[in-house]
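Presented below are the structures under discussion, each in the form of structure tokens.
Next come two complexes built around chain A: one with chain B, the other with chain C.
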Partner chain A sequence: MTLYLDGVSKNYGDVEVLRPISLEVSNGELLTVLGPSGSGKTTILRLIGGFIAPTCGRILLDGKDLSTTHISKRPFNTVFQDYALFPHMTVEQNVGYGLMVKGCPKEKMKQVVNEALDVVGLSDFPGRYPAELSGGQKQRVALARTIVCEPQIVLLDEPLSALDAELRRQMQFFLKSLQRKIGTTFLFVTHDQQEAITISDRLVVINHGGVEQVGTPKEIYYSPKTKFVAGFFGDNNLLDGQLTASGSIETPLGTIPSLQGSNLKTSKVIVAMRPELFRIGKREGAFNIDCQVQNMDFAGDMNFLRLSPKLDSDRTLLVKLSSDPSVPNLDVNGDATISIKLEDIAVLDNPR
Partner chain B sequence: MNNQSTRFTIFVCIIAVPVVLVIIPIANFFLMSFWKMESNQIVESASFGNYLYFFSSPAYWGTFLSTLYLCLKVSAIGVLVGYPVAYFVWKRKGRVKYLLILLLILPLFMSYIVKIYTMRTILDLSGILNKLLVAFHILEEPSRQFIYNQTAILITMAVIFLPFVILPIFLSLERIPKNLVTASSDLGAGTLTTLRYVILPLSLPGTVSGALFTFVLALGDFVTPQMVGGPNGFTFGRVIWSQFGLAYNWPLGAALAVILFATALMTIIAAGWASQQRKV
Partner chain C sequence: MHKTNTEHLIDVFLGLITAGTFFVLYMPIVVNSIFSLVPSDRNGIHWGEASFEWYWRLLENESVIAAIKTTLIVSVIAVAIAAILAIILAIYVEWEGAVFQRTIELVVYTPFLMPPIITGLSLLMFFDRIGISRGEATIIVGHTALVLAVLYRLVLTRLRAMPHTLVEASADLGATRLQTFRYVVWPQLRPAVITGAVLAMAVSFDETLITVFLAGDTTTIPLRLWGMMRVGFKPEINALVTIVLLVSIIMAVITAIRIKPAEGNEE
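The block that comes next holds the complex of A and B.
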């Protein structure tokens, strides 16, 4: 199974909610569409599901155009943000709905539904109504309801956003393991960066109706291609820089020697340095920054260190240090040098 | 006046309205139904005479049963016509939808008498209905079968009470989250399957209320039978009405009214209980 979006876009009147995008979804992967609210990520999912028709472009499943295929005939099933469970049906009836409307024999239906309830860990509640279930349980019913239909792709529209933090983490883990177990392609939409990085095989980051970057979580996190992506994950330290003829980069905090493997297109660049990749103390062959300590906050597993560089004291750099009780606290207003390895620095084009 | 007594006063005032306007008149009626008439005078001596009289005279309970049957038919027609209309309006988008529903409930703001007269001119021998049927060669000549009989009452009531069915059905359709309809299609259901398994069950409470409204309104209506029923259009409402007029037997009228009231009440309670058995 391969799903290909070929220049698909969506306009509502004059408003362009999705610029033409091309995207390939391959078999058995967990692909996440990630973006801030209003970025058009749910639109992508609704286009694939067939809830809305694209303004331009084609949606191809194994080369076959789905544009005119009705929502009920597409081999995809959706887990809705608010679960959309039928309130007048029991868990068993909800899960069996897709089979029932296709005229599946009762005996077989019961067996498949029981298997699905087993997989999602709800085999104890077949007779309950949705109103009698907790948020996490409803979520599992919604999942079971889609997987009994054996869709080619399960579409998940921010399915975890209504759950509290602890349950959310459990469900992220559950979703990923379920996806591996049944081997179905999952297309997951979320606005939560942490969630996206945790569960995805691949990520599509979108903003303002356009694709910013497609890649594995590690690529997206450590090698952002755009300023938006660099700033979207974690508390990245971003600097404006100027590429020189020799390949080194001038920044307000000093010159970074030439980096290997960078193929930059513009001379104006953005330098991104992850807070957790800094170390205290000068190192050879690293980018060293002399700073004054503003403050140091202890957050349990982490120390958050805010520093102002000597060369540009209006700026604040954030450094995350894993907490180690044997390391003494740094003095506030004292001097400190921080360093980051050259290969840990991400440099990206800044076309603006 | 301290805070607590202020609240008590407000509470008493709020309670007083239904007590004075609803409970006392009904209680009064209920009491009167046990009295009797003697030489054109109401005698305040309690007995079940009026109720026994009702159950022992086939003319009374025969009319009662045929009125119940008529009202059932009125509600059934109301639902059969009103549901598709409400569904059609619900499926429209944006402003069209609300404009249509406004048009449909507009007759509720018109005078009841005017509406009955209008129906009478439509159903009459020289009315539009007959003219249309003759024009389309469905009838050879104008027919009297639509006016001054039980059919006339049935048609008139069904039309006049239609907004009372459409509105609650429409409102209960509006309460169905759109996502449920989308989810049903997403799981492979066509329009009719979704209607049968999702929309119909979820709009059942509104449909039951609509049917109940119509049933109870039709049950107590004595003006429509009077105006379009003619001599053959006798209903229980008319029987009660005549006890307070021509027949001048208020205690018997009160007893018949209590029977009607109890029937309406039991229908409502039964419908309420039935819809509570469902998880909606």
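The block that comes next holds the complex of A and C.
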């Protein structure tokens, strides 16, 4: 199974919700569409599901155009943000709905529904109504309801956004293991960076109705291609830089020697340095920055260190240090040198 | 909390007003019901001779029975047609992005808000123009137009409260539009339709003014009552009024009970 979005876009009147995008979804992967609210990520899901029609472009499933195929005939099933469980039906009836409307025999239906409830760990509540279930349980029912239809892709529209933090982590883990177990392609939409990085095989980062970057969680996290992506994950330290003829980069905090493997297109660049990749102390062959310590906050598993560089004291750099008790406290207003390895620095084009 | 004397006085005063209101509103009903059971003449009220005699007489009165039959037929058919129309209109307005949404709502609500005498008269003139003779059918049309507003309002409110994702989910799981209506939409609307139907029945049951214009030779209960009163004031009338009242009150109570929990899961 391969799903291919070929230059698909969506306009509402004059408003361009989704700029023409091309995207390939391959078999068995958990692909996440990530973006801030209003970025058009849910639109992508609704276009694939068939709830709305694209303004331009084609949606191809194994080369076959789905544009004229009705929602009910597409081999995709959706888990809705509000779960959309039928309130007047029991868990069993909800899960069996897709089979019931297709005229599946009762015996077979019961068997398939029981298997699905077993997979999502809800075999104890077939007779309950949605109102009697917790958020996490509703979520599982919604999942079971889609997988009994044996879809080629399960579309999940921010399915965890209504759950509290702890349950959310559990469900992330559950979703990922379920996806591995049944081997079905999942297309997951979320605005939560952490969630996206945790569960995805691949990520599509969307902003202002356009694709910013596609890649594995590690690629997206460590090698952002755009300023938006660089700033979207964690508390990245971003600097403006100027590429020189020799290949080194001039920044307000000093010159970074030439970096290997960078293929930059513009001479204006953005330098991104992850707060957790800094170390305290000068290192040979690394980018060293002399700073004054502003403050150091203990946050349990981390120490948050804020420093102002000597060369540009209006700026604040954030450094995350492990909260190993042996790490000595730094004096506020004291001097400290922080360093980051050259290969840990991400440099990206700054077309503006 | 301890209350001052003034506050006690206010409490008593408010209580008296409430009691007075109830007395004025309900006393005639009580008196009427009593006189349908207890005979009275110049010598006074004969409490000891209470009986259901006048009710039995009503049952033997063929014209009254016919009126009751007509009333039931008219209200059941009118409410049924109005219910179907209300569901279609509400779905059209709410989901299909009706072209003349405002106009539709105006048309639906107008007969209910206009003075009945105007509604009755205009329908009469209309039927007369196109040459339809008056009878049960024309009363049904009049009542349908009248009660449509009640049903439409209740169905629309319920439809708005229902998340549209339920419909999308149903289609997503492979249901046809008809299956979606049958298995998802109708079970959600059913409580509202039943409540609306009871309320509409109550309205149709004692509707008089529009009916006067559209009845022709047909007689409904209110018209029969009107006719009986012109002849003379007999306890039979008390009995009939009591029946009408009881039916109306029962339907009002059913509606009140059903509308209250309509926010939660009433099924």
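Simple rule for what comes next: the second predicted complex is superposed on the first by the 352 of 352 C-alpha atoms of A that agree within 3 Å, B and C clash if a C-alpha of one lies under 4 Å from a C-alpha of the other, contacts with A are read in each partner's own complex, and residues count from 1 in each chain.
In this section, a contact is a pair of C-beta atoms (placed from the backbone, for glycine too) under 8 Å apart; a residue touches a chain by one contact, two chains touch by 3 or more.
Since the structure is predicted, the reported quantities are computational estimates derived from the model, not experimental observations.
Putting chain B and chain C on the same copy of chain A, do they fit or clash?
clash
Kindly classify A:Val327 by the partners it touches after superposition: chain B alone (first), chain C alone (second), both, or neither?
A:Val327 contacts neither chain B nor chain C.
Looking at A:Gly98, would you say it contacts chain B, chain C, both, or neither? Reply first, second, both or neither.
Touch status of A:Gly98: both partners.
Can A:Phe86 be said to touch chain B (first), chain C (second), both, or neither?
A:Phe86 contacts both chain B and chain C.
Using the touch definition from the top, say if A:Arg145 reaches chain B (first), chain C (second), both or neither.
both
Report, in rising order, the residues of chain A that make contact with chain B in one complex and with chain C in the other.
On chain A, the overlap between the chain B and chain C contacts is residues 49, 51, 70-73, 76-78, 80, 82, 84, 86-88, 97-98, 100-102, 129, 131, 145-146, 149.
Residue numbers of chain B touching chain A in their complex, please.
Contacts found on chain B: 177, 179-180, 182-190, 193, 197-198, 201-202, 278-280.
Once bound in the complex, which stretches of chain C touch chain A?
Its residues touching chain A are 163, 165-166, 168-176, 179, 183-184, 187-188, 265, 267.
Which residues of chain A touch chain B once you look at their complex with the stated criterion?
49, 51, 70-73, 76-78, 80, 82, 84, 86-88, 97-98, 100-102, 129, 131, 145-146, 149
What does chain A use to touch chain C in their complex?
My answer: residues 49, 51, 70-73, 76-78, 80-82, 84-88, 97-98, 100-102, 129, 131, 145-146, 149.
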